[in-house]
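Two complexes follow with subunit A in common, the first pairing it with subunit B and the second with subunit C.
Take a look at the complex of A and B:
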C-alpha cells in the first residue's frame, strides 16, 4: 500500500476520535482479564478473538500515527501501519465481534471493545473492506426508504394477507392491521416477514390498542456494517414515519439490535430528541398483562422453559425483568440460565454475524457456552426474543442435537391467550 | 557514590517530578478537550441517580468486583499489588513529614520497628505481585498480548521494589535521615546526608531513585495513566 493511502486510513481514527475512545486506547493494561468474557475467544481459543487483541490493532495504528510516545519509540508499542496484514486480521476480529459487550462488563476499567471496533469498521469501510453482504443489505434498506412508492403496494397487500389470518385467529372479522393511521398511539416497527407482525397484531387487537404498522422493518444492517450514516438513514425511515403520523410511542419488535438503535443510538446520531417514547414490544406486553388488558393462561407452556437475554436487550438495552415476568406468567416451570441477566453469555449470533457465511464455523464453535448453559437447565423450550439469537440457537440445536424448542415470546403469549378464533396462532 | 546520588537522587529527581507533573497535566488536558461521543456507552442495569453512579464508579474502580468474578487469582495479585503500593506510598510520606500521634504512641524505636514491618510486608507483597505479572506474561495469550511497554514497566517496577526492599532489609538508615535529604530537595537546597552516602545503602538509594526517576518520567506516556483514566472510564459504564 502506498504511504498516502496508509495515512488516509490511519486518519480515520483521528476523524472518529472522542474522549471515551481516547481513554480506552490510553489506559488498557493488556491484563487480558477480558479474555474469558468473550464467547468467541472461549469457544475457539483463537488469539485474534481475544477482546483486547482486537482493540490492540487499532491501538497499534494510533500509536504509530497519533501518540507522542508511540511516534518517538514505536517499537515499545509494536506500533504499525494499517497495511494489508493488519487489515486482514482486523477484518476478521472486527466483523466477527457480536458487540455483546460482555468484555466491557468484566474489564477493570470497563473498556468498551466494541466501541473501539466501531472505528475499526469505519477504517475497513474506508479501505474498501467493509463487509459486502451487510453493505448490500443496508443499501437495499436505504433504497426502500428513498422510494417507498415502489414497494408500498406489495407491502400493503402482504399486510392484508396477515390481517386475514389475524381475523381467523382472533375470531373478530373487524380486526385490522392499520397502516399510515394518523394519530395512532403506537407505531409498531416489525421485521420483514409475517412472523413478527401477526402475533403483535393479535396482541394489540386484544388489548384494544390504538396502533399502526410501519411500512419499514426495524432491522438495521447499516449498524452491523458500522456505517453510522447508513444506520441513521435506515432508522430515519420509521422515525420520520412516527413524526409524520404524530404517534405517542414507537414500539420495536422483539429484535435486539433494532431496539438498541431506536432507543439509544438514534437520538445521538440525529442530534434530535424524539418527541415520542421508544419501547420494546416486551415492555408493552408486560404492561398489558400486568394491567389486565390481555389475559393469559398461566399453565399454557408445558415443560421446562428457560429464557435467553439477547445482549442488545439485556446488558445493552436494560430489559431484564419484563421478559421474565411474561414467561413466568405463562409457564409453571421456568428455569433461568446461569449466569443470567447482565452476565448472560452471548449466544454467538449477534452483530450481523449470521449474515456473514465466512464466520459460520467459528460462530458455531462460539456457541459452546450457550449450549452448556442450556443443557445445565434441562429445559426443553427456550424463549429468545431476538431473531439473530434464534437463528443461532436453531443451528446450535441442530449441531449439538439438542431437544429444544426455540421460540419468540410473542408467540407464546398468543398461544396462551383465550381467543375466539378457529385458527391456531402458529402458521 | 556522591556523583551517582547527585545524578539520580537530586537532579534526576527534580527532572522526573517535573516531567511527571507536566506530563499528567498534558494528558488530562488532552482527555478533557477531546469531545465526548454523543452516544451513551453505559451498560445496564444503571444506577438511577448521579450519586448512585458515582458510588458505583468508586466501587468498580477500587474493588473491581466483576474482574474478581472472572479471574479471581489475577484479581488477588492485582489487589495485593495496588493495596501494597498504596501502603508504600503512604509510608513514604514519612520522609516528608513524620506522622503525628503514631510515634508518640509507639516511641521512636517502636515507630521504626512498625515501619520496618509495614514497609517490609508491603515491599514483599509488591515484589511477589510483580513477579507474578511478569511470569504471567511469559506464556500463551498473555505473552501474545504483551508488548515491550508491558515488560519495560514491570522491569522498572521490579527495580524500584528490589532496591527499596534492599534499603529496608539490609540498611540501618532510618526515616529521619531520608527526611533530611528529601526536605532539602523540597527546599531547593539539595544536600545528601553523609550518613546515607557512606552507608551500605548509598548505592541502593541511588539505584532505587534511578528506577523511580525513569518510572515517573515514563508514567504519563504509558498505560499507567489508568491510575487516573480508570475513574472516568468506569463512570462511562453507567452513563
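Take a look at the complex of A and C:
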C-alpha cells in the first residue's frame, strides 16, 4: 500500500476520534473481562472476536500516527500501519460485531467497543473494503427514496392486498391501511415485509387510532454498513414523510436497530430536532392495553413462554418492561431468561450479520449462550421483537433441534384479541 | 418478456420475509454468468419493490416482476 494511502486511511481515524473515543483508546487496562461478555468470543473461542482485541487494531494505527511515543518507537508500542494484513483482520472483527454492547456493560471502564468499531467501518469503507452486501441493500433503500414514483404504485397495491386481509381478520369491511394521510397522529414505519404491517394495522384499527403507513421500511443497512451519510438518507425517507404529513409521532415496528436509529441517531445525523416523538410499537401496544383501548384474553398464550431482549431495544434502547408487561398480559406461564434485561445475552443475529453469509458458521456458533438460556427455561415459545433476532433464533432452533415457536409480540397480541373476523392473524 | 427466456438459476423464495428475497437474489447473482437470468418466486409483496430497487441500484435488469396466482415472479438478468 502506498504511503499516501496509508496516511489517508489513518486520517479517517483522526477525523472520527473525539475526546471520548481517545479516552477509550488510552484507558483499556487489557484486563480481558470483556472476553466473557462477548457471545462471539465465548461461542467460537476465536481471538479475533475478543472485544479488546478488535479495538486494539484501531488503537495500533492511532498510536502509529497520532501518538508521540508510538510515532518514534512503534515496535515498543505495537504501533502499526493500516496495511492489507491489518485491514483484513479488522474487516472480520468489525463486520462480525453485532454492536450488542454487552462488552461495554461489563467493562470496568465502560469502553464502547462497538463505537470504536464504527471508526473501523469508516476506515474500511475509505479503503474500499466496506461490506458489499450491506452496501447493496443500503443503496437499494436509497433508490426507493430517490425515485418513489417508480415504486409507489407497486407498494400501494401490496398494501391494498394486506388491507383486504386486515378486513377478514377484524371482520370489519371498512378497516383501512391509510397511506399519505395528512394530519394523522401516527406515522407507522414497518419493514418491507407484509408480516410487519398486517398485525399493526389490526391493532391500530381496533384501538381506533389515527394512523398512516409509511411508504418506506424502517430497516437501515446503511447503519450496519457504518456509513452515516447513507444511514441518514435511509431514515430521511420516512422522517421527511412524517414532517410532510404533520404527524404527532413516528412509531417504529418490531425492529431493534431501526428503533435506535430513529430514536437516538437521526437527530444527530440530520442536525435537526424532530417536532414529533418517536416510539417503538411495543410502547404503543403496552399503552393501549393499560388504557383499555384494546382488549386481550389473558390466557391466550398456551404453554411456557419466554422473552428475548433484542440488544438495540433493551440494553441500548432502554425498553425492558413494556414488552414483558404485554407478554404477561397474554400468558399465564412467563419465564424470563437468565440473565436478562441489561445483562441479556445477544442472540448473535444483530448488526446486519444475518445478511453477511461469510459469517454464517461463526454466527451459529455464537448463539450457544442463547440456546443454553432458552433450554434452561423449558419454554416452548419465545417472543422476540426484532427481525434479525428472529432469523437467528430460527436458525439456532433448526441447528439445535429445539422445540421452540419463535414469534413477534404483535402476532401474540392479535391472536389474543376478540376479533369478529374469521381469518387467522398471520398468513 | 415471456416465460420462454432461458433461465440459468431458479430460486424458490416462497415464505421468506422481506428483505430476505432481495438478499437471496443479491447473494446468487454471481452464480449466473453475465447475461444469465435468475427466475425467483417470492410470496412477500414487499419483494415487488425491493428486487427492482436492488436491480436498479446495482445496474442489473429486471425482465419481469409480476403477480401470478398470489405469488410474485421475477426474471432478473445479470448485466455485469
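Convention: the second predicted complex is superposed on the first by the 427 of 427 C-alpha atoms of A that agree within 3 Å, B and C clash if a C-alpha of one lies under 4 Å from a C-alpha of the other, contacts with A are read in each partner's own complex, and residues count from 1 in each chain.
As a convention for this text, a contact is a pair of C-beta atoms (placed from the backbone, for glycine too) under 8 Å apart; a residue touches a chain by one contact, two chains touch by 3 or more.
Remember, predicted model here, so these are calculated numbers, not experimental data.
Enquirer: Please tell me, clash or fit, for subunit B and subunit C sharing subunit A in the overlay.
Expert: fit
Enquirer: Looking at the overlay, does A:150 come into contact with subunit B only (first), subunit C only (second), both, or neither?
Expert: Only subunit C; A:150 stays clear of subunit B.
Enquirer: Quick check for you: in the superposed arrangement, does A:33 touch first (subunit B), second (subunit C), both or neither?
Expert: Touch partner of A:33: subunit B, not subunit C.
Enquirer: Can you report the vertex angle at subunit A, computed from the C-alpha centres of the three chains with subunit B and subunit C as the arms, to the nearest 10 degrees?
Expert: Computed angle, apex subunit A: 140 degrees.
Enquirer: Looking at subunit A, does subunit B or subunit C touch a larger number of its residues?
Expert: The partner making contact with more of subunit A's residues is B.
Enquirer: Between subunit B and subunit C, whom does A:110 touch in the aligned arrangement: first, second, both, or neither?
Expert: first
Enquirer: Which partner does A:165 reach: the first (subunit B), the second (subunit C), both, or neither?
Expert: After superposing on A, A:165 lies clear of both subunit B and subunit C.
Enquirer: Mind working out whether A:357 is in touch with subunit B, subunit C, both or neither, as first, second, both or neither?
Expert: Only subunit C; A:357 stays clear of subunit B.
Enquirer: Touching A:193 in the superposition: subunit B (first), subunit C (second), both, neither?
Expert: A:193: touches subunit C, not subunit B.
Enquirer: Does the superposition put A:24 against subunit B (first), subunit C (second), both, or neither?
Expert: After superposing on A, A:24 lies in contact with subunit B but is clear of subunit C.
Enquirer: Least CA distance subunit B-subunit C after superposition, rounded to whole Å?
Expert: So the smallest C-alpha gap separating subunit B from subunit C comes to 28 Å.
Enquirer: Within the complex, which stretch of subunit C touches subunit A?
Expert: Of all residues in subunit C, those touching subunit A are 17-20, 22-23, 26-27, 44-50, 52-54, 56-58, 65.
Enquirer: Okay, in this complex, where on subunit B does subunit A touch?
Expert: Residues 27, 30-32, 34-41, 43-46, 60-61, 64, 66-67, 69-71, 74-75, 78, 141-142, 144-150, 152, 221-223, 225-226, 229-230, 232-234, 236-237.
Enquirer: Looking at the complex, which residues from subunit A come into contact with subunit C?
Expert: Listed in rising order, the residues are 133, 136-137, 139-144, 147, 150-151, 154-155, 157-158, 161-162, 191-195, 217, 219, 355, 357, 387, 391.
Enquirer: Okay, in this complex, where on subunit A does subunit B touch?
Expert: 17-24, 26-33, 35-37, 47, 50, 52-53, 56, 68-69, 75-78, 101, 104-112, 115, 264-265, 268-269, 271, 314-318, 320, 342
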